[in-house]
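The structure follows.
Chains here go by letter, A, B, C and D, matching the order in which they are written, and residues are numbered from 1 within each.
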Amino acid sequence: MIQEENTIVSKANNIEEVRIESKYQAVRNQTEKLCKPLKTEDYVVQPIQDVSPPKWHLAHTTWFFEQFILKPYKKDYQIFNDAYNYIFNSYYESMGEKMLRDHRGNMTRPSTEDVYQFRAYVDQQMLELINSSQFNAELEKLTELGLNHEQQHQELLITDIKYILGSNPLFPVYQQKPEGHHTPLATAQQEYIEVREGVYTIGYQGKGFHYDNEEGQHQAYLHNFRILNRLVTNREYLAFMDAGGYENYDLWLADGRDFVRQHHINAPQYWHKIEGNWFQYTLHGLKKVDLDAPVTHVSHYEADAFARWQGKRLPTEQEWETVSHLARYHQNLHVLHQANFVESNLFHPQALQADTTTETPAQMMGDVWEWTQSAYLPYPFYKRVEGALGEYNGKFMSSQVVLRGGSCATPESHIRTTYRNFFQPDKRWQFTGIRLAEYF
Amino acid sequence: MIQEENTIVSKANNIEEVRIESKYQAVRNQTEKLCKPLKTEDYVVQPIQDVSPPKWHLAHTTWFFEQFILKPYKKDYQIFNDAYNYIFNSYYESMGEKMLRDHRGNMTRPSTEDVYQFRAYVDQQMLELINSSQFNAELEKLTELGLNHEQQHQELLITDIKYILGSNPLFPVYQQKPEGHHTPLATAQQEYIEVREGVYTIGYQGKGFHYDNEEGQHQAYLHNFRILNRLVTNREYLAFMDAGGYENYDLWLADGRDFVRQHHINAPQYWHKIEGNWFQYTLHGLKKVDLDAPVTHVSHYEADAFARWQGKRLPTEQEWETVSHLARYHQNLHVLHQANFVESNLFHPQALQADTTTETPAQMMGDVWEWTQSAYLPYPFYKRVEGALGEYNGKFMSSQVVLRGGSCATPESHIRTTYRNFFQPDKRWQFTGIRLAEYF
Amino acid sequence: MIQEENTIVSKANNIEEVRIESKYQAVRNQTEKLCKPLKTEDYVVQPIQDVSPPKWHLAHTTWFFEQFILKPYKKDYQIFNDAYNYIFNSYYESMGEKMLRDHRGNMTRPSTEDVYQFRAYVDQQMLELINSSQFNAELEKLTELGLNHEQQHQELLITDIKYILGSNPLFPVYQQKPEGHHTPLATAQQEYIEVREGVYTIGYQGKGFHYDNEEGQHQAYLHNFRILNRLVTNREYLAFMDAGGYENYDLWLADGRDFVRQHHINAPQYWHKIEGNWFQYTLHGLKKVDLDAPVTHVSHYEADAFARWQGKRLPTEQEWETVSHLARYHQNLHVLHQANFVESNLFHPQALQADTTTETPAQMMGDVWEWTQSAYLPYPFYKRVEGALGEYNGKFMSSQVVLRGGSCATPESHIRTTYRNFFQPDKRWQFTGIRLAEYF
Amino acid sequence: MIQEENTIVSKANNIEEVRIESKYQAVRNQTEKLCKPLKTEDYVVQPIQDVSPPKWHLAHTTWFFEQFILKPYKKDYQIFNDAYNYIFNSYYESMGEKMLRDHRGNMTRPSTEDVYQFRAYVDQQMLELINSSQFNAELEKLTELGLNHEQQHQELLITDIKYILGSNPLFPVYQQKPEGHHTPLATAQQEYIEVREGVYTIGYQGKGFHYDNEEGQHQAYLHNFRILNRLVTNREYLAFMDAGGYENYDLWLADGRDFVRQHHINAPQYWHKIEGNWFQYTLHGLKKVDLDAPVTHVSHYEADAFARWQGKRLPTEQEWETVSHLARYHQNLHVLHQANFVESNLFHPQALQADTTTETPAQMMGDVWEWTQSAYLPYPFYKRVEGALGEYNGKFMSSQVVLRGGSCATPESHIRTTYRNFFQPDKRWQFTGIRLAEYF
């Protein structure tokens, strides 16, 4: 769901523990903090269609507050710049012409400085509104929606920045690797967790913020299955590569085979073989591949082929969610080991203390998004929401694959066991990884 | 599953009532009968990648018997022509180079006559083998598999011939419309059949021929739903068109919107507006659109948009299969009206007697393939079969949509309630239609 | 000028020695004779855009007579089939919609038989017209234009048939090689013919049939140059290949380098390396490359790169024409050796008697079309002709290169020293070759 | 010749009046002055392949001095950054891998600031070298070549900046229009200058700097022709548009027709119809089209079609050069009126004084580049220069069209009557215009 144009209609009806004002400021500041390491030039480009310029993310998330809250609800609100609606509107076809996604990388104006001014202006206006008598429960919900929307874009900011810097032959460092940071995954033994067949409840069940596509408790019948307690590592993936996995066509989906052939793919994205050794571009720069870290930046096709090579399969999203619930609520269940794979510590400062992690529930989440074998489809009773915000609610439910979990680039408060992320099966620029499953 | 390159591994272990020899001759003759109306020129071309030349279908189905039965099992078998393996092998990457699909339409040689000689030669050899002491249960299974493979290609022959003739400005007639043939659909009242929620059994349960992808009984939890007793008609679809359905972007999946835009699609395939009236190319030639006939030659995108416009949705494949079983085994259930939409009477002679049809069970099948909302994915416990035949078993389980039922071009003996046909959501050259469903 | 859509307006004002009726029959019969070796399937396909189906050539040349002569001039003429104007009209945008060139290969109807009936009908009508009192000088001119148009298509028929059969993995034979046919080129010593600088007259100067683009005598200043007495041979071209000519980027025009790279070209078209030996598909089937025959089926880029490798260049069209005139009118000039390279003897039966050829003037012509270094541009005073026939007169005078001479596929009566053939520099399916020149 | 990758080998053997040091500083400073109005973001992008990022131009011109002068000739020279050779090398295939042109716009690093430091470093080194005893005639020639190379890129800088800003919906102003600037073209009467047929001398004849492609005096025979004394105006071009010129297919070259159709072109580049009026993006921002100014930003196809519509043609480059010489050396010849069309006054400050212009010789030059009808081909005796600099000398002599004159973006010292600029016939982002000619 971190996809740029995706379902953002929520049903936020929980009691906010954090006051909305602080939350607003925290999220908005975090976005700008993520951009601190950038040079002005980095804000502008769009090397592939999937990747939006950081400047665009900064402005688009701001436009959201102007368009859906300030303009319709704030008294006497003055639009910052009429042209911005045209330039920074990403999706809503019903609201005026949109700039073609492909041309975002050509828009040198408004400048980055102009965009920061736009942010400052909207922030000031939003804070005025929040502190006014006008601000009611409905506006709070919309604000929270805007903040969740911005958090999605925070993840995209990181993956897009990684792409922009990672396709530069100078391999610039975004952030220095913290001292003493290491990955304890090597010590995690492969272990399979078994789940018995039966009817399980799926879907969001609480009262907090969530998206419409995860809403609607419903039943699903699961058959006996096992799932691996940890993610597939680079070491394991390298064994697949060395065994000729990319060339063994029996292992691949037909589309996947065409994809790796056509693009001459023989390793995860950002991998470079230099004088016989595999290196990987990370946000800390070009590094030797860490064999004990989870493999990431693989497409669904590669995840599927790897699983087949292992005589296993990817889990369904229902299996994933069920195991995740069990892991969360039953401390006596075998604990899933966390990889502590943290390329960026912007969201997960605590993840650096490896020794604490075994006590954390919901261990399956936070390293990489995990490809499932499930197509992204509506849950039973799902209805597209009416109106401008809802225009596009279910519109991506075609030819995409669900990912579960969350990655080191996902804001922590944004991770839920019911969260349904989705991408086309060939996408590799997100932090995507592999977890194995099988029936028994 | 009529897709050319698809799952063909079966588990045929039933007691054959018809002797295999008669069956072999019947199926092989039927293929040639389908080609009788063609001129030599019609056998050669490939106007789009999806459509194979009829000559290729004739040869490829024959090559299958030579490659998988005669060559490995018949003593002293002489290959008809070594080059044919290269030219008529459609898929099996592990068995020598394959001709690129795109170039099939450039192969003027071997000639059609040569191909018919190839067929005659292989038929003679097969009949010798069938009547020899060498012919055992395993060979019978393989033979039956080859015949089912050929039946799939019979359906493709019809849809491909329709495409070849239908894109010709002279709109040639393939077959004259039989006298007195009419469609009683207009009298069928819309009625919704309700099914209560619970755990249902899905998958092939008998002992007859079936494909591996429909195998494996398993449970699925269905929620309360209703399904329409008949297919959507041209009249209803025209109302959608007249209401601006193609331009109302709220109704469309994002991919679907791009698809109709890019290809300037504003009606089902083969429809032509001539002096204000809608005509439709059929195998009987260009005809005024029959408003009471089921709409056909629509993509999944169009089916989905139409359903949304109606405030409904497409059924899942599990719902479809469940209703189909109920319709089959419970005569007191409200009977589904059959459309008796028969563009080609080559397979369904009895369908011309409209009055008899209400007595037929499994009424949902035989008019058009019905788009579901289900992605084509493996059933629980599904395993790819090993070896050359099995190489590609699950390889299409990505980005495709399941269709259920069967069409006027499907051999009748090839229709099963558990049959899983599948195509990419933009495909329109098959006989594809729409049935509505909803939760309650 | 053998290009399908090209300048066909002529100024035929000579006294015809051969009666027009005989000529009409001879040319029309010759077209059908060229198709005799074909199977019905061969008539239909269009493997690349440049190559038209033989059926289309047969019909298009016939349509020309119907459209421009019978329809406007023959009393009470009944159109054979209205739809044919749409299907077989290749170019004239002002005369009704044209079928896209790319789709010619999908038109299985009208059948080849229908097209032959179309030809017979038009021939009968034309002969009636020719023998009627209605037939005047203007109609005779138009008829002659139609016949020259058909002769252009005869050459295309041969090259297109070669492409269709030559891209078939069975390498079918179009015509058996005649007994005793050989190429005496090996004995021809390289010799350079020198021409002194000065003002030379260029352009058609006689009274016979010619095209508008060669018309208009005018002056051109030529500088001292030499030109080779014979064509470049396969032996010489192979030396270029063996010396790494295709990989030596210094030798290539930038566009040419991109072209050979993108299409992985490393030899002339139709060349195949089989077990270490070079073979060449010819109309006689797949044959070992004849080292003493002229190299053919090379693009302008390859011709240019070869010449640069030799420290030479291609001649300009003015140089070529000037030398050709000198060779023609001055018997005491050193005679150019003819290659007697005859892949097809359909037009040049006498070419089989090698000993007679040295007596023939205009020796430069008849083996392969020779790439010049001249862009195809209008001669001084050139004016586009008005009206439908003239619509496209100069419209190809952009980004094309002039070829001079004529090939073994060019009807002999169609060869003139002033004839300006032209193609894009990447075209290779015509019989195209290389002659070297240099300044001194 | 302002094309980025073009012929840059010169034969500079004149006595320099300006000392090379001053010249070096002047040219280098001018490049940076041109970039003064830019924001950092503007330096980075590449909206189409033809347009390079300004940052790239700044670095590439600097790389030239490092690569061809400092590295091979300056003692103990330290390369500024090894990676820059890879990143800023535009063409020389023989010198290490080149970045694909298409990816220039994705290179956010090195930053603009880094590039300015690169410039400062190289400038310091170059000045040291120039003032050292090491600096000899050969190095001076190379330096001059580097400066001419940089001047070419100055023109590209302006046209590329115009494209970058002009495709931005905010239409940013690059430079305010100077007060009192106007175009006196309206008063210029159309007048045709006649030239008598005969042999004329073509090619560079002096001793100053020039490129190899204009070198080599030679003779050309010209026929009687007339040429218009001024450029075609927007008013005249608008009449062509209003008369349906873009839709009248008789007027177009076949390639041109396809080009305008495919790209939906119906006006010069940068023209926008806003509420019924034509506006034009200029470096001064969006302005109403000035009817008396010369039309610019048209392709060769449009120029050719316009000329045909007028019953005229484009001049050949030989005609253009001949008239230009006559205009230059014969003050009593009818003077060509200069348009004084000056969108950018960075190079032509004097052009603002309209009243002085009639006294200037060589009036044909300085407004817009003028499309000729000549293909870009080698002059007689032209030889590609050996070695790295010469690798690509003639490599663009294919499928391009010669332009003559020079534009308001061309450095004045870079304009010569013999200068051969060239572009593909579809290019429109340069300042290109139309002058009419005809035979008589």
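Definition applied: a residue touches a chain if its C-beta (ideal position, glycine included) is under 8 Å from a C-beta of that chain, and two chains touch if they have at least 3 such contacts.
Just so you know, these numbers come straight off a predicted model, no measurement behind them.
Set against the Cα centre of chain A, the chain with the most distant centre is C. The two sequence copies chain B and chain C touch through a face in which the numbers common to both exceed half of the numbers used overall. Centres computed as Cα averages put chain B at a distance of 61 Å from chain D. Note on chain placement: the centre of chain B and the centre of chain C lie 48 Å apart, centres being C-alpha means.
With each centre defined as the average position of its C-alpha atoms, the distance from chain A to chain B rounds to 39 Å.
Residues of chain B in contact with two or more other chains: none. Interface residues of chain D, counted against chain A in their complex, comprise 39-45, 47, 55, 83, 86-87, 99, 103, 105-112, 164-165, 167-170, 172.
Contact residues of chain D toward chain C in the complex are 5, 93-94, 197, 199, 218-221, 223, 249-250, 252-257, 300-301, 304, 308, 313, 373-375, 377-378, 380-381, 384, 391-392, 394-399, 425, 439.
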